[in-house]
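Each of the next two complexes has subunit A plus one more chain, namely subunit B in the first and subunit C in the second.
Up next is the complex of A and B:
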């Protein structure tokens, strides 16, 4: 079937256009939306819901001189990076265990357990974190039993947001890494050991370098998901630990200040790109 | 007292419910080239992996120069292992692959450079230091895999079917090269293969295996000329099998009754009259001719099939119920129809019948 489509396409060059049309529409809409966003960020804010088309840098000045906005930006980058590293550190051993499990039944079971977290709604999972971290939650009850009184909620802390984010990211890490680690010949590890390398040296000299492409992909994925996280800080950080996406939401839909919301969104995008680009540059120098 | 370099005592290993290695004991002397030969699944690779320490035996001991090393992890055993798929590190160039073990030992940079250069010379791959494994041919990769081991001066080199991924021509060439390298550094070697030609041409001693146990240990000539059982006779080289009963057993001669014919053998007092035996004759020991040949055993046969192999011709001849394989040197290549085959009594080899 594929062949006949291609043959047809060769005969009729217009066919390619028709085939590409849906994606062209999507790309176009995406570019228009981004362009509008960029445009709004230069508009003038008059009052809630009203803005005046112009070209002013005032919104950027406001954002970059406000300690509140800058603190949120800093927090967003920080939590994303920490969550990425933690998710990798926790996800790697899980992936390795899955790949090196001999019984295919048990291996499938492991993958299923990882997938279950994808199948359950993020909201359900965040509510369960609230149950665990809350004032009368599991952790506090245990601490109370152990004699630590003066209960305080773990919710609305950066730790809570990071924890929630990590638990959200680990399955992404595992599913990305399983494919890559699976391609590493276990014979290579045997070879390293027969050449005198112990388990730790074997891991750092052979297994880890050969998983680098997966680690790179997983870390970019995690970082992007972290930078754009919205529901996790909303549910676990409340109005205390907001990330940039929450600020964009507040400004766009609560304050109805589209220019500053667009500015925050553009800055989020730029900062994400800068971090990703410098990360890739760093890795290229390493390799 | 001189200990053998390597000794296995009653080594056993099972996977789940399947016995992979059953009660294996043998000893390898210093500098010896010892081969485990057997069909796939006979447990020979498992033994190699147990010796390397990659697999753990269920019971039994391994001794290195008289010292029990059964419990040592693989990285503490002074062995080098050459893998079937080479197992070169794809993210390292040739130099770093060879230097891997030396770096793990934290040797000085200058030492590493010197030693690496020397083995590259030995395997004739000077100038390839910067190449990556995927840029090398199969034979070159195999040589790097060997170099990576011998640079560490291991007490024993373990080869796991190292030539089976190469094409026939290259395999023969590598066989000679590998043997030369082994002789040059005089390292004790344990070689695993299912290829009888490899085993016969390279080994000092062969250990033939089937179904998790040892069938026979001996020098190549012994294994070929004096197989102890049907498995060894059949697996190594080609052979003709006749099932019969001993008709005459005297000090002068032994005669075996096969169908209606009596086959003459050398006197063998291990077999008594009326005992069931298997009589073996190698195809290259049978002569074939259009006229009657003068041998101890001469039979008239009908040629059913002949295959021209260049250096020899293989005939399949009908003799009663038996189909006899006969190899000749290329001179007689146009035989057809009726012919005579014959062999002398010393080529009739007897085994206990089942």
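Up next is the complex of A and C:
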């Protein structure tokens, strides 16, 4: 009897690898595709749609010496960092309230708002931000009431792109942080308070340090999503505020210069991965 | 009395409450604005809306240019989410239940489409499909969306497999059930919420995906988000406001469905109260 169970397990050990086979094919396809991308970044560009197999670093030199590309790279990193900080500042209180609110109804309401924002189409939300940030939009109406008149549209500014990015990121922050804050024992906070610490001291000395792993994970996620933002700058930044992903798209599909598009994609990947790797080191030190 | 009202305790409580309300308002603002403005009578979307009309909603039904893309996105979502869930199930099962060399690497590989920027994935697959001469847009999109949505399925299914009590399976097998029977009759019913949630996330992701779709769509074969983008890029047409409202209703339905099936606590990874 025991034998037959073991036999089952042994035979099915193979079965599970047969089951894995289709997934492995898919992953392999993905890896080959990424390898091709890397390979093309060393190809020579001849004319739109045409490239020559070779091994040249020319595309990287072009990218890293062009002030236009470097400005885009700098802007992408800058906007990602600012949006990450703002998303954390907005997401942390929501997460904290979701965990600590006693009324289950209010708690559910908070969660639903975050979830609806998270699940609703990003295109729809950006469309709406265009209505809000436009020349006659809500923001300008409010500013007009406050006495600032003759204002221009906020669209096609870095402010607009940052705003859109933050509203995209906040739900990700909340979904990451709630689980972490939930694991903090409320007794620890009570203990700190009973020993004479006030709310603010308790927060900075107890709650915040204990949620640091979640904060680091959330900021990493936000930074990566910011670095790869594509539709947000496309809808809110137009032709003026382009980010790195937009350069990849333009070069690949409009200019049809695959080598430089691939180069931009590889640089995007490297810049993201360097940060992921150093963050993971930081995370390990934290634990 | 006054002193108590302005105590540190109350002030910090009020400040986190205000920050929370402000942040939630910031999340709700675009949703409220688009739904509200879709009822206005002006020929461009404005908020607060002027007047009240349902005419833009009537016009939605004559938007024939959206029928094919909508069909395509639904088909694509159903197929990609289903394949991703089945593959995700087998991967999660292998990773949770078996020890083998390269297990962590395998898991990370399957989750990697989450970390790799979508634009990089999109361009890599575009180059791959054109190099191989694969010109069937639907098939290409199906493969691409399966790759992109697998991580969502794996994450939710792995989470539910990890809390599953393995002794139930052992009991079933010692009573003579074979591995397949055990899986179908014991394991699957237990982890069903995770599987369904994984499928829903995968479908939602595929249905809303724009970057990969804009690379891999072809003339006459475009997905719903790509078509929507074509219409909202340059104008703030109120008919698109009505379309947006329908999409938000769909989201509401999805959120309630997720709450019903798996519960909000599971989605958030909290213990619940």
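By our rule, the second predicted complex is superposed on the first by the 264 of 287 C-alpha atoms of A that agree within 3 Å, B and C clash if a C-alpha of one lies under 4 Å from a C-alpha of the other, contacts with A are read in each partner's own complex, and residues count from 1 in each chain.
One rule holds in what follows: a contact is a pair of C-beta atoms (placed from the backbone, for glycine too) under 8 Å apart; a residue touches a chain by one contact, two chains touch by 3 or more.
Note that the structure is predicted; figures quoted are calculated from it, not measured.
A.B. asks: With the two complexes overlaid on their shared chain, look at subunit A and say whether subunit B and subunit C clash or fit.
C.D. replies: fit
A.B. asks: Between subunit B (first) and subunit C (second), which does A:209 come into contact with in this model arrangement: first, second, both, or neither?
C.D. replies: Touch status of A:209: first partner only.
A.B. asks: Does the superposition put A:185 against subunit B (first), subunit C (second), both, or neither?
C.D. replies: In the superposition, A:185 touches subunit B alone.
A.B. asks: A:262 contacts which: subunit B (first), subunit C (second), both, neither?
C.D. replies: The answer is second: A:262 touches subunit C but not subunit B.
A.B. asks: Once the two complexes are aligned on chain A, which partner has more residues of subunit A within touching range, subunit B or subunit C?
C.D. replies: Comparing touch counts on subunit A for subunit B and subunit C gives C.
A.B. asks: Which of the two partners, first being subunit B and second being subunit C, lies in contact with A:40: first, second, both, or neither?
C.D. replies: It touches subunit C, and subunit B stays clear.
A.B. asks: Of the two partner chains, subunit B (first) and subunit C (second), which one does A:48 touch, if any: first, second, both, or neither?
C.D. replies: In the superposed model, A:48 contacts neither subunit B nor subunit C.
A.B. asks: Based on the superposed arrangement, let me know which partner A:227 touches: subunit B (first), subunit C (second), both, or neither?
C.D. replies: Touch status of A:227: second partner only.
A.B. asks: Looking at the overlay, does A:128 come into contact with subunit B only (first), subunit C only (second), both, or neither?
C.D. replies: second
A.B. asks: Which partner chains sit in contact with A:198 here, subunit B, subunit C, both or neither? Use first/second/both/neither.
C.D. replies: Touch partners of A:198: subunit B and subunit C.
A.B. asks: Give the angle at the C-alpha centre of subunit A formed by the C-alpha centres of subunit B and subunit C in the superposed arrangement, rounded to the nearest 10 degrees.
C.D. replies: With subunit A as the vertex, the angle is 80 degrees.
A.B. asks: Shortest C-alpha to C-alpha distance from subunit B to subunit C once the two structures are superposed, in angstrom?
C.D. replies: Minimum over all C-alpha pairs: 7 Å.
A.B. asks: Of all the subunit A residues, which ones make contact with subunit B and with subunit C?
C.D. replies: Overlap of subunit B and subunit C footprints on subunit A: residues 198.
A.B. asks: Show which residues of subunit C lie in contact with subunit A when the two form their complex.
C.D. replies: Residue list for subunit C touching subunit A: 8-9, 11-13, 16-17, 19-20, 22-24, 26-31, 33-34, 37, 45-47, 87, 90-91, 93-94, 97-98, 106, 109-110, 112-113, 115-121, 123-128, 131, 143, 146-147, 150, 170, 173-174, 178-179, 204, 208, 210-211, 214-215, 225, 228-229, 232-233, 236, 240-241, 244, 247-248, 251-252, 254-255, 258-259, 264, 267-271, 273.
A.B. asks: Within their complex, state which residues of subunit A touch subunit B.
C.D. replies: My answer: residues 185, 187-188, 190-198, 201, 205-206, 209-210.
A.B. asks: Where on subunit A does subunit C make contact in their complex?
C.D. replies: Against subunit C, the touching part of subunit A is residues 1, 5, 8, 12-13, 15-17, 19-20, 22-23, 26-27, 29-34, 36-37, 40, 89-91, 93-94, 96-99, 104, 107-108, 110-117, 119-132, 134, 136-138, 166-167, 170-171, 175, 178-179, 182, 198-200, 203, 224, 227-228, 230-231, 234-235, 245, 248-249, 252-253, 258, 261-262, 265, 268-269, 272, 276.
A.B. asks: What residues of subunit B sit close enough to touch subunit A in their complex?
C.D. replies: It comes out as residues 49, 52-54, 73-75, 77, 79-81, 83, 85, 87-91, 100-101, 104-105, 148-149, 152, 158.
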